[in-house]
Amino acid sequence: MNRFGRQVTLYVVSGLLVSVWAFPVLWAFLTSFKTERDVLAYPPMFFFTPTLSNYKEVLFGTSSILPNLWSSLVVTCSATFLTLCFAIPAAYSLARLRYPFRRSSGFYILATQMLPPVGLVIPYYLALQRFGWLDTYSGLVIIYLTFSLPFAIWLLVSYFEDIPYEMEEAALLDRAGRWRALWFIVLPQVGGGIAVTTVFVFLNAWNEFMFAVVLGGNRVRPVTVAMFNFISVEQTQWAKVAAGAMVAMAPVILLGLLAQRHIVKGLTVGAVKGGGRR
Amino acid sequence: MEDQEKRFALILFLPSFLLLLLITTAPLVFLAWNSLQKLDLGMPWISGFTGFGNYVKMGEDPRFWNSLSLTIIYTFSTVVLQILIGLSLALLVLKIPRGQAIMRIAAILPIVLAPVVVGLFWRTLVLAPDFGLVDLVTRALDLGNYNWLGDPQLALISVIAIHTWQWTPFAFLVLLATLATLPPDVFEAARLDRANAWQRFWHITLPLIRPAIVMVIILRTMTALSAFAAIFAATGGGPGTSTEILNLYAYRTSFTELNIGYGSALAMVLLGITMLVSWTLFRHRRKGST
Amino acid sequence: MDKNNLPNSPLNQPRREFIAKTTAFGIAAMGGASLSHPALAQASELAAYTSAKINWRQVQGESINLAVIPASYFDNLLGLLPQFEALTGIKVNAEKVPPGQIRQKAMLDLSSKTGTYATHAADPMYYPLYVANKWVEPLDKYLNDATLTDPGWFNYNDILKAWREADSVDGKPYGIPYDGEVTVQVYRKDLYAAKGLKPADTYEQLLSNAKALNDPANRLYGLAMRGFAGAGQNMYIYPSLFRGFGGNWFSGKDLVVNSAEAVSALDWYVGALSQFAPPAVRNWNWPDIADAFSQGTVACYLDAHSSAAVINNPEKSKVVGKIGYARWPRGPAGKRVTSIWNWGFPINAALSERAKKATWLFITWATSAETQARTSWKFEGPAKRSGVNRTSLWRSSEFANTMRGSGDNFIQAALESLDQDTDVDWRPRVPQWPAIGDTMATAIQSALVGQKKSKEALDEAQVRITQIMRG
């Protein structure tokens, strides 16, 4: 096959794959503009009169998920911020400094990521209840830390490891002191890594479902739970579920699209970084 | 100097360490303790310490072995598929720099979605007989229609497909990024040596991107082992028990059957397996990296 | 879409979309009425309640939490909460929990004795479990307490007998039914008339009717019943079949699920669905069946009477005006067996005495004849409840008028089913029910999808259930 033919095939195959990845989301997007009646039409319709009523209902109706967007925002941002505050220093020390039991404590942190959430839900419920933290922001944020923190530490360690020692040593020789070395020399170098970590931590926290539904309640109710408002016992309003899901996922999709260059750039540093849950 | 370093290190490290100790070890101990008890909310009169009774019961429980084998099949297939597809795609796209931007955007979409939303979407919009996308396609191609989530074998294939769909883009993005950093002169030299495309790939490319592949395998394996929300939303473990991986079995036992003791034991076993697998993979990584 | 100009049959109006257009009512309903408008609840509105000879305000200032599922019949109630607050001075915080999680959440709360939810919409099959663990209060002491209940005004015995019994354990009530349903035959009277068919009287007739109308090539299937695995899904229809075949859950003290009748019932279920139902039915819950029926792809189904609201919704349904209802057909053992499902409210035993009283006042208010009426025909929105809890209401002319548009024979079929076809032993009432229900549901679905033969699936379920019962 000549070069042109090869190029064409490449484009075609790539196009096919793009559609496989993008299509379910696009289909949901389309569905969110259909009336409930059109959703059930057979064969499924590609062309129809669009309506904004689903979005109106989802955003402004009685089961509006706007308060839930806010809930999600507060919980996710707090969890992300706290995670970074704890994780950055911890990752730095794990990567660069020497202190007793460094190896084993590092492994311990890694191991905590493997605890199955299924087994943790009940103890968490009981613990939160004892402190009166059920259905509160503090309670949920602390629980989110349990999976965000180890993950963030582990991610950041690999970024810290990639900075050449010489940089810090130069700073230390300049009698800059360890804190200044950390703050002014090392941290700017891992700026990209911190950005990538932030993005992934945010994503994981935003998309959490099981803990949100069991440990949250009326006041603290992230969007992943609120979406199910439209799946009632009597009927499932598919168009509204689709609209609800679009609204719920809009922030993370936006984040992904904006940060994608960033993410990819970060991924090229040395061996691979990054990950996701479940 | 060393003492100073030690002090500095501990100041930075201890807060996180202590926090994690507090919020993960206590529940873990609780979980382990529960797994040694007979604790069934449906039968409060039988509660009591039972030592390894739950574990012994597990050995004789066919549903446990079923969930274990499903977990292995699920994890293995999704990870292998992700690597194969991701790598092939990355190699492909490498040659069409113009198409890369769109590919990256399309690739981001599945990764950022909440797994529970993914499971729900696939169940209702993609795989539903009559109304779903896949059905539309198979009918258009005259391949008939199938009950993807209602048939035991097809359901397993479907959930594997869902997971693969969601996470392959990750492997793709990572491998693409890694491939893009490979120095071109090595390939030139090989071409001059009259090595064909396959040989170039096998002997040069592959070893160079090996650390990346290994890392992807590790991460994706951990994700696959803890997969819950998507399968839960898509099939709930059914039909029957054909998609009931260990995670789901533990959930159903604890929360639907209310047998907390046995459910905790199942969760402990899952923990053990996860740790074993990660430990093995990590050892491999350390050995393999130059 | 504005539906204000439709003819005045409430069931002809779209449900949820309309609630959005209802005014302050709808807005105040959200989140348990954090803005309470005492001005809205005038004295005249409360007159129907204040006539009761109890002091509604005896625990004013209390605040209780309520957990319900998202459903229009609860939404209506939540919309009336401001009235309750004005009446009693008790604040009710309502939380909507997805139906898949509400039992677990309620149980987590009950078992840890945290007293978070004063009451919740309870699954009647869970009462034996609750009672065995002493998680809920026996309600007879509240019913008999003259300061809390005026028997003249709140007639407990007016509540449907089958539902009262379903919410009681060993003769003592532990929950008061709020909303319920019966399963009935729902069929396309036009299609049946065209072929000279009558609603089935026996299981054989049901199958022959289905066969006559089954036309997959033209996307018309003869029959549909729930297939989705779940204690409240396929294990909601199967027990009726089981009892219809003459099966008994208990043999002495042992729970037996693989008796000959059980296998016959399951075989029948599998056969009926494989031959005459859409292939997707194995994953269907009742909203899916109702949707299919309303799109005209199913000729007959057996399910809850409240599905009438969905199939009569002109927004989605193509079969409005073509619907008929009938009782369950007779099984080989000569019985017609319908469900006794209801959502009832219990009282959390971990509450303080004052909170328990407040909860009781809420429960009596919600299940009283007046509130039932206000959430049904007196409700301003389009979703008029059809699952009211009192015999007197079912027989009232207002109810008949409201339900008139649902289809032929609706009230009669439902009432007769409630009167004659209910069976308290319809499902085994044991504390281990959650595990048993789930095991049976899995077994039924394995048979339905052809993973196992009926006998094999039931034998396996039996082994597991014996283990569960033994602990």
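When the chains are written out, they are named A, B and C in that same order, and each has its own residue count from 1.
Rule of thumb we're sticking to: a contact is a pair of C-beta atoms (placed from the backbone, for glycine too) under 8 Å apart; a residue touches a chain by one contact, two chains touch by 3 or more.
Just so it is clear, the structure is predicted and the values come from calculations on it, not from any experiment.
J.: Count the C-beta pairs in contact for B-C and for A-B, then report the pair with the higher count.
T.: Contact tally favours A-B.
J.: Average the CA atoms of each chain to get its centre, and name the chain whose centre is farthest from that of chain B.
T.: Result for max centroid distance from chain B is chain C.
J.: Report, in whole Å, the distance between the mean C-alpha point of chain B and the mean C-alpha point of chain C.
T.: 39
J.: Can you check how far apart chain A and chain B are, centre to centre, with Cα atoms defining each centre and the answer in Å?
T.: Roughly 16 Å separates the two chain centres.
J.: Could you list which residues of chain C touch at least two other chains?
T.: 104
J.: Going by the contact rule already set, what residues in chain B reach two or more other chains?
T.: Expected reply: 130.
J.: List, in ascending order, every residue of chain A touching at least 2 other chains.
T.: As it turns out, chain A has residues touching two or more other chains at 40, 42, 122, 126, 236.
J.: For the complex, give me every residue of chain C touching chain A.
T.: Chain C reaches chain A through residues 1, 15-17, 19-20, 26-27, 29-32, 65, 69-72, 75, 93-101, 104-105, 108, 112, 114, 116, 219, 287-288, 290-291, 294-295, 297, 306-307, 309-310, 315-316.
J.: Could you list, by residue number, the parts of chain B that touch chain C in their complex?
T.: Residues 38, 40-46, 63, 128-130, 145, 147, 149-152, 236, 238-242, 252, 255-259 of chain B touch chain C in their complex.
J.: Can you tell me which positions in chain B touch chain A when the two form their complex?
T.: Chain B reaches chain A through residues 2, 4-6, 8-13, 15-17, 19-20, 23-24, 26-28, 30-31, 34, 89, 92-93, 95-96, 99, 102-118, 120-122, 124-126, 130-133, 136, 139, 165, 167, 169-170, 173-174, 176-178, 180-181, 211-212, 214-216, 219, 222-223, 226-230, 247, 250-251, 254, 260, 263-264, 267-268, 270-271, 274-275, 278, 289.
J.: Which part of chain C faces chain B closely enough to touch in the complex?
T.: Touching chain B from chain C are residues 104, 107, 111, 129, 132-133, 227, 229-230, 278-280, 282-283, 431-435, 438-439, 442-443, 445-446, 448-449, 451-452, 464, 468, 471.
J.: Taking the complex as given, what residues does chain A use to touch chain B?
T.: 6-7, 10-11, 13-14, 17-18, 20-25, 27-28, 31, 39-40, 42-44, 86-87, 89-90, 92-94, 97-100, 102, 105, 108-120, 122-124, 126-127, 142-143, 145-146, 149-150, 153, 178-179, 203, 206-210, 224, 227, 236, 238, 241-242, 245, 248-249, 252-253, 255-257, 260-261, 263-265, 267-268, 270-278
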